[in-house]
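My structure is below; once you've seen it, I'll send some questions.
Each chain carries a letter (A, B, C, D, E and F) given by its place in the written order, and its residues are counted from 1.
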Amino acid sequence: MEILVASAVGTLTAAGIYLILRMRTFPVIVGLALLSYAVNVFIFASGRLAVGLPPVLSKTAQGYTDPLTQALVLTAIVISFGMTAVIVMVALGAFLEAGTDRMDSDDEAGQ
Amino acid sequence: MDMALEILISALLVIAGTFGLIGSFGLLRLRDAVQRLHAPTKATTVGVGAALIASVIDLYHYQDTLTWQELLVAAFLFITAPITALFLGKIHMHQSIPREKLPDTGTKRDWATFDPTFKGPEPKLPGD
Amino acid sequence: MIALALTYALGCFGVALLFNLVRLLQGPTIADRILALDTMVINMIALIVLYGIRGGGTMTFEAALLFAMTGFVSTVAYAKFVLRGNIIE
Amino acid sequence: MIRRLFPHPWLTVTLIVVWMLLVNKLALGSLVFAVLLGIAIPLLVAPYWPGQTQLRSPLRLAAYVVLVIWDIIQANLTVARIVLFYPTDRIRSAWIAVPIELTSPEAISMLAGTITLTPGTVVTDVSACGRVLLVHCLHAPDPDAVREEIKTRYEARLKRIFA
Amino acid sequence: MSLALIAALPFLGALLPGLMIRSGRTACAVVTGSVTALALLMLGLHAPAVLRGEIVQTRIDWMPGLGLNANFFLDGLGLLFAGLILGIGLLIILYARFYLSRQDSMGQFYSYLMLFQGAMVGIVLSDNILLLLVFWELTSLSSFLLIGYWKHLPAGRQGARMALTVTGMGGLSMIAGMLILGQIAGSYDLTVILQARDAIQASEWYLPALVLILLGCFTKSAQFPFHFWLPHAMAAPTPVSAYLHSATMVKAGLFLMARMWPALAGTPEWFYLVATTGLVTMVVAAKIALFKDDLKALLAFSTVSHLGLITMLLGFGTKSAAIAAIFHIINHATFKAALFMTAGIVDHEAHTRDLKRLGGLRKLMPIPFTIGTVAALSMAGIPPLNGFLSKEMMLEEAAHTVWSGQAWLMPVFATLGALFSVAYSLRFVAHTFLGPVRDDYPHRPHDPGFGMWAAPAFLAALVVAIGLAPMPMAAWLVDAAAGATIGEAVHAHIYHWHGLTPALWMSVAAIGGGLVLLGLHAPLMRAWLATPRPEAKRLFDGLVEPLAAFARRLSSGLHDGALSRYFAIATFAILAAGLYAFFSGGHSAGMRAPTPVEVVPAAGWLLLIVSTVTLVLFHHNRVVALVVLGVVGLVVSMGFAYLSAPDLALTQILVEVATVMLLLLALNFLPKRTPMESSASRRFRDGILSAGAGLGVGCLIYMMMTRDFAFSTIADYHLANAKTGGGGTNVVNVILVDFRGYDTFGEITVLGIAALVIFAVTETILRPGPANSRLLSWAQEHRHAGDRHPLMLVVATRLMLPVAIVVGVYIFLRGHNMPGGGFIAGLVVAIAALMQYMASGFGWTAARKRVEYHALIAMGVLIAGAAGVGAWFAGRPFLTSDYGYVHLPPLEEFELATAMIFDTGVFLAVLGAVLLALASISRIAVRAGEEGSSTPYDIDLPRDGFGDR
Amino acid sequence: MNHWIIAPVVLPAVIAPLIVLLMRHDLVLQRVFSLAATVALCGVAAVLLATAATNPPEAYFLGNWPAPFGIVLVLDRLAAMMVALTAFLALMVQLYAIGSGWDRRGQHFHALFQFQLMGICGAFLTGDAFNLFVFFEVLLIASYGLMIHGGGRARLRSGVQYVAYNLVGSTLFLFALATIYSVTGTLNMADLAERVATLPEGEAAILRVAGVLLLAVFAIKGALVPFQFWLPGTYASAPGPVAALFAVMTKVGAYAVIRVFSLIFPPETPATGAFFAELLLPAALVTLALGAVGVLGAASLGRLVAFGAIASMGTLFTAISGFSPETTAAALFYLLHSTLATAVLFLVADLVLARRGSEDLIQRRPPIAQEGLIASLFFVGAIALAGMPPLSGFLGKLQILDALRGPNMVAVWGTVLVTSLLMIVGFARAGSLLFWKSHETLMEADPHEPDVLSFAAVGGLVAALVALTLAAGPVSSALGSVASELAERTPYIAANRLTEQPQ
């Protein structure tokens, strides 16, 4: 299972980075979303993997997975949602103001 | 009794799996988009339904807890599935099917999808 | 016996997911892709329920419920986007 | 006054049931809480559900649900056969327009939902005047029969259930 | 204390002119002058003691840790220079009062001047080399302001910048030199450093320190090859030139060489660096001066030449040379300031300083003529004026100095320098004052008022007086100053007649040769003009302008807004640093047993990988990209569910939907396709980079997952204490609302802020402007289907909205013990509300909304905060929770936890934030001409059951 | 327990939502409450400063959970100093924003401003690595809002870049934290310090990677090469007062480097050694050089100051890379100074922009209202940021040069001095182009109300610079004690009262 998770994280990261290297806001935002999936799984996996051992206390449980990394991922998910929302809005605003959704703003370096 | 329940559960599971697979297979196999609409929205609904019933029985039998929560899931799926189908059907009608191939309403008004609430340039289809 | 049936059902839905994936990639229309995604959600709900049976827990019910809810909402959103451009109008 | 407090009595009942299903235990505390929710939430969402739906016969509704479930199971087998074994070029799909007499939005929706859930038929649109449903049949060598079945088997029953 | 006050007085005085200028120009000058006079007076009070050989000190701690202290001391050298600075300063203030025109802002001028004066006084009184550096750089800054004082002259701007650049560079190198020196000596106090000659000269850092310090001195004193800035500084008003560029600032370098003389001089390095530079400067600058037509330029180069002379003398490293140097400093200050003021008077009266347009002024302005002639003759070294005396001493020293085994070199070049000096000095007189009166002056000149000629006249009188009676007039000062320079008592003997020494012959040769040169000036001038030569301004511009242009190209080329390159660089840097980090540290393979792979998860994995790759390959079609992104989110959520993280699965799937809706809302206005823009090589590069990063991250997480924790994790404590300490069995939730509730507090704040930001951006877009115009003229790209609000969806929503709220409540309440909680509940309800928006439209739904989303967010954050603050009243830290079991008969017992209050805050904030964010974007569509709906659905039912339509 | 410690977070966290809730539509009320809150924050900061000066570091155990299991705030001298700096700067910036009317040009300025303060103070006070991330996010998202406050094409376009770049930074932060957790099993910084010190040999490689990732994160915030690219566009496009407030945002990056790399990865750590210092120094020097080159070549005033800010970060990181009490003390002094100086210049740039309508340095323009005063303020700011005497910048640079003797001396001194020259030249060019112009084109200056509040704000910052200069002795000896407290580490760790696992 570890190898699957690791390769998935790697693939998500690679895809995310490839997309944030594009020139338009939209693929960059999608890339950031992929990257945030990657990092969420990364954090989650840093607490090691467990199948069938949820972090909910019960008499019948045979053991528990690491609840802390899960809590951290939750925080990370929420935060990155807020951030994504903001960048979507700013990108939309920039597009409406400028008439282009190019990420690279070559007009800003001063004349 | 135990045996019967076990068989029942197993049967439900097999039904669930089979219909789930058929649904997705139909999605793959059927010829055009509207036909494909039939396969999953129906078969998977039953597939999931069977699995849910199996779950209820199984929990009652082995965990000694009678849970009806699964019914909510099933109800939810039953309520939403027609709407999903409606929307996807509208997309087909709108994008892929010439208006002439569709029957008339027989009333003064057209189908809602073609009701002229919007006027604009000719379509440049998104999505493909 | 249940275990065997369970494995069968799990396998079926696993394969179903791959079928959905093929349809998703093939399209050809956007509706096909949305339908494939929607079906995937349904299949995953089934998988959640089946894993629930296997794990013997009651923990999976709300996951199934929320997957159903979000699957529906997102399908409608995609469809409304294709139909109308604006999903909240 | 009562109408004000319970804008949708059946919704209140539904919510109580839903809550009891959710907590999954029959305890007085849960019931009290469920009732509280059943009163509060309809009030909260009342603006989004204008008007009232008259449910004439809840019992008939239950019977209708059983009928539909049975039909679904049956039709599933039919569709499974078509999907698995019919050569795709032999499948005779058809579009049919089904004029309806139902007038309440809930009833129309329920009819359309029934048609779609019953495998082999999908409602893909309603006429802009709300009097005709557009149904697509996966395999319907005889479209008129399908239209007739919809009208007699489902619509007629629904007319009796909804006012 | 009083020394510090002397240094501080001019700075305080800098504040006054600005205030006094309202009372009139004279009052302003008087006040400014009084401050200087007061400082001079205070200095004078110390003079007797200093002349007795005492050293006056003041010590004030400033940054003792660094060794930078406001320590001042006054010895003979300091007294001489401080006297010069303040005394000439006083004269300049007087002169400037009459020189400046009514358009010039006199208050500003005096302020700058006083700033400069303070900096100079600071330099010469500093007993701490770091303090000295402070004042040193201040002189550069204040001279920048003074040179650029006439803002309307481009020459002033450029001259100011050039001066600042050159002297600033010197100052900076001097910083390094001084720091090294302080390091060697163990202190930054001059009095200590001056005692540490042996240690300093033995140090391996001696030469670097010397070079760096001399660089500072040479640039400031305009020594070759840094002499070029000085003539350009002449764009300044004449009082500035007279003060800074002849009497004081340019002498700061000399002062410092004299000051450091005991510690640095006497080595061959010193000799060759200093003496050679001085010699070359003296000759080169004198030659240039001869060919300058601008009076001030002539004087400027003559100044450079004389500074070279003094530098050379200091470079000799002998006592007698030092005495000569000091004496010449005094003399030069007197005659050169007088000359500058004379030139200023000429300029002021005739409105030109061009020698070609002057001549014959002797008759028109006899007073300036007299003053100028006396001073010029002194500069030429004509006996018996003071310039002669010190030049004789110089020639005498040069005659006895052997340069690298060549005995002839020094005397010959010194004589050459003197010769040029005679020539340009006489030319100054001849071409300005002698000859016939012309009738083509730009302005008819006549004698200026007393105020203007008083100061130069006084200086000319000094020239004569010192020349006639050097011993009573100047020797005591020379003794004191030279004694301080050398570090031991000296007694200078200054005479006109030394006998038939080599110096005398050299002097005669210089005067004779100078006269010849003057006679031949016209043809020489033609030859000079015909000779190509490097022009300082062009050279400087040729250096600085390309540098600035290069800087612009480099910095704006790098920071040109090409975000994708920024990212590529960052990716590469992190990857490289990460690899380097990993392979430079010890690593042992992990021993943790792997988790077995099952079929369905493997299928899920395949789904994820294939869809991710597909997403990248087909990202140009944005709608498809979003659908595929949905698959990725789905699989990730599913994976969380499988890997024992139900809360994560729920949150992820809900957030996923909200994100997709958000992106769809935005995409409505954005282009639907991403154009293919990157070249194949770009894509290849990006592919390599991203694959590398992916591989790196994958390997890293693999290594992490396959090893056991080196220590027990803090999560064990959370598992052990969730129930007993936090009152909940869902440990994840207890961590969120209790163990790490503070994180969650921050997190909901983030979400709330995000919504506020989105709202604010929407507001700016909807204001009049390009975005708003674009929206108003918005035309949809494609024809839209009808039926915005399908009946079936509306009806289903009527049921699902309340049910979803019930589910939300349920999930909220059970969250502490089972998967769920405020966050998930908030999202559930928010998404249900969004469903309502989708069903009946923004306009219809928003019109019926009961609460402001802003208020929801604010209430949420406040409630969460209140849950935290509440603990204070129990004497506990922020966010301390409590829980208990409540029994209300006949109901069964239930748990109440304060954490639920917190979770309520979370719920509200999340709900409000999601709804505000999405509703804000929807408002944009309304602006784009979309009509709100007045009915819940679009279909016209024949008979509607209710009257809402 | 000393509840004052959390006040700098709670105060703005309560005021901001109150503003949103109750005074959303009333700017006057917003101004009054927000200003009052900032003044109160200054008071709180003073209390904290006094507490930290006389007491050993003190922890605040949130939720009453023992460390390392809950989150702690730790008040030590460094944290107190940073909070005080932030509070003061915020007050001045807010005065300016009100005086210049910037807060009127968009929605929610004051709420975002308070949230920004909450984030910054939270980041300075936290003793928990993950919580640091959370408060980084709070401050970042508020900064996104402030940066694009007022909207407009240029601002939104730079805004997208700013947000995108920092989103990547946030993601990186999470990668780093997860890696650290996977190696050490803890998040509390004091606990991390203890565990990292005794880490088994075989974990060193992963730990180093985690450290590098963290360094990169902080480098993004601190605009360290090669992560500085976002800064010029952002700062030049941000509203003047926001850019001025951002002067302290880059310092958050510097602070984090100081905190984390002197507490958790000090050079004596066996697993990492001097690795990070070796990475940091060259990057810092290049940053400095690039910033100075940018100052020399800037085509607009905003970018000029932005590059000045980059250069100052380069100087600061150069000092930090020494990781000794002396270098840290020098770094802290320079940190205080450069924050104030950068802020002054950004506000001056805004004064110019408001009157001229353009910050263009190339085209000559008619004179502006209050030109003399603005020119003087620019001059003061420029000599401060270029590190010319007599202001504290010079003292700071002297201190840094003095402290950084050693094998890298030549490179450090050379870079610092040469770049100083470039900056002097750059500022001189800019100043003379902006304020010295031909009298021939002289027209009546645009009548522009001199708003007292704006000038008072800039004056306040200048006064602080002067005060820092005059009191350099006591300040730097206080900073010496800050630095030695950091270097000692044990008081900080002891404050956390780390509890063993109950097992």
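We adopt the following convention: a contact is a pair of C-beta atoms (placed from the backbone, for glycine too) under 8 Å apart; a residue touches a chain by one contact, two chains touch by 3 or more.
Fair warning: this is a prediction, and the values are worked out from it, not measured in the lab.
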Set of chains adjacent to subunit B and to subunit D: E
Most widely separated chain from subunit C, with each centre as the mean of CA atoms: E
More contacts between chains, B-C or E-F: E-F
Chain ID, smallest distance between chain and overall C-alpha centroids: F
Euclidean distance of C-alpha centroids - subunit C vs subunit F, Å: 48
Centroid spacing, where centroids are CA-atom means, of subunit A and subunit C in whole angstrom: 22
Centre distance in Å when subunit A and subunit F are each reduced to the mean of their C-alpha atoms: 27
Distance between chain centroids, defined by C-alpha means - subunit D, subunit F (Å): 61
Multi-chain contact sites of subunit C, meaning residues that touch two or more partners: 10-11, 13, 15, 17, 27, 30, 33-34, 59, 62, 65, 69, 76, 80, 82-83
Residues of subunit E engaged with two or more neighbouring chains: 556, 559, 561, 563, 565, 567, 623-624, 626, 642, 646, 667, 697, 704, 709, 713-715, 718, 739-740, 743, 747, 750, 753-754, 757, 761, 764-765, 769-771, 780-782, 784-788, 790, 792-793, 796, 799-800, 807, 818-819, 938-940
Multi-partner residues of subunit B (each touching 2 or more other chains): 23, 25, 37, 45, 65, 67, 69, 72, 76, 79-80, 82-83, 86-87, 90-94, 109, 112-113, 115, 126-128
Interfacial residue positions of subunit B with respect to subunit C in the complex: 6-7, 9-11, 13-14, 16-18, 20-21, 23-25, 27-28, 33, 36-37, 40, 44-45, 47-48, 51-52, 54-55, 58-59, 62-63, 65, 67, 69-70, 72-73, 76-77, 80, 83-84, 87-88, 90-92, 94-96, 113, 126-128
Contacting residues of subunit E [partner subunit A, same complex]: 556-557, 559-565, 567-568, 571, 592, 594-598, 601-602, 605, 608-609, 612-613, 615-616, 619, 622, 625-626, 629, 632-633, 636, 639-640, 642-648, 651-652, 655, 658-659, 662-663, 666-667, 669-671, 674-675, 677-678, 686-687, 689-691, 693-695, 697-699, 701-702, 704-706, 709, 713-715, 718-719, 722-723, 729-732, 735-736, 739-740, 743-744, 747-748, 750-751, 753-755, 757-758, 761-762, 764-765, 769-771, 774-775, 817-819, 823, 910, 913, 917, 920-921, 924
Complex contact set, residues of subunit C against subunit B: 1-2, 4-6, 8-13, 15-17, 19-20, 22-23, 27-36, 38-39, 42-43, 45-46, 49-50, 52-53, 56, 58, 61-62, 64-65, 68-69, 72, 75-76, 79-80, 82-83
In the complex, subunit D residues that touch subunit E: 11, 14-15, 18-19, 22-23, 27-29, 32, 37, 41-42, 44-45, 47-54, 103-106, 108-109, 112-113, 123, 125-131, 163
Of all residues in subunit D, those that touch subunit B in their complex: 18, 21-22, 24, 72-73, 75-76, 79-80, 83-84, 88-89, 91, 93, 95-97, 99, 112-113, 115-120, 122-129, 131-132, 134, 136, 138
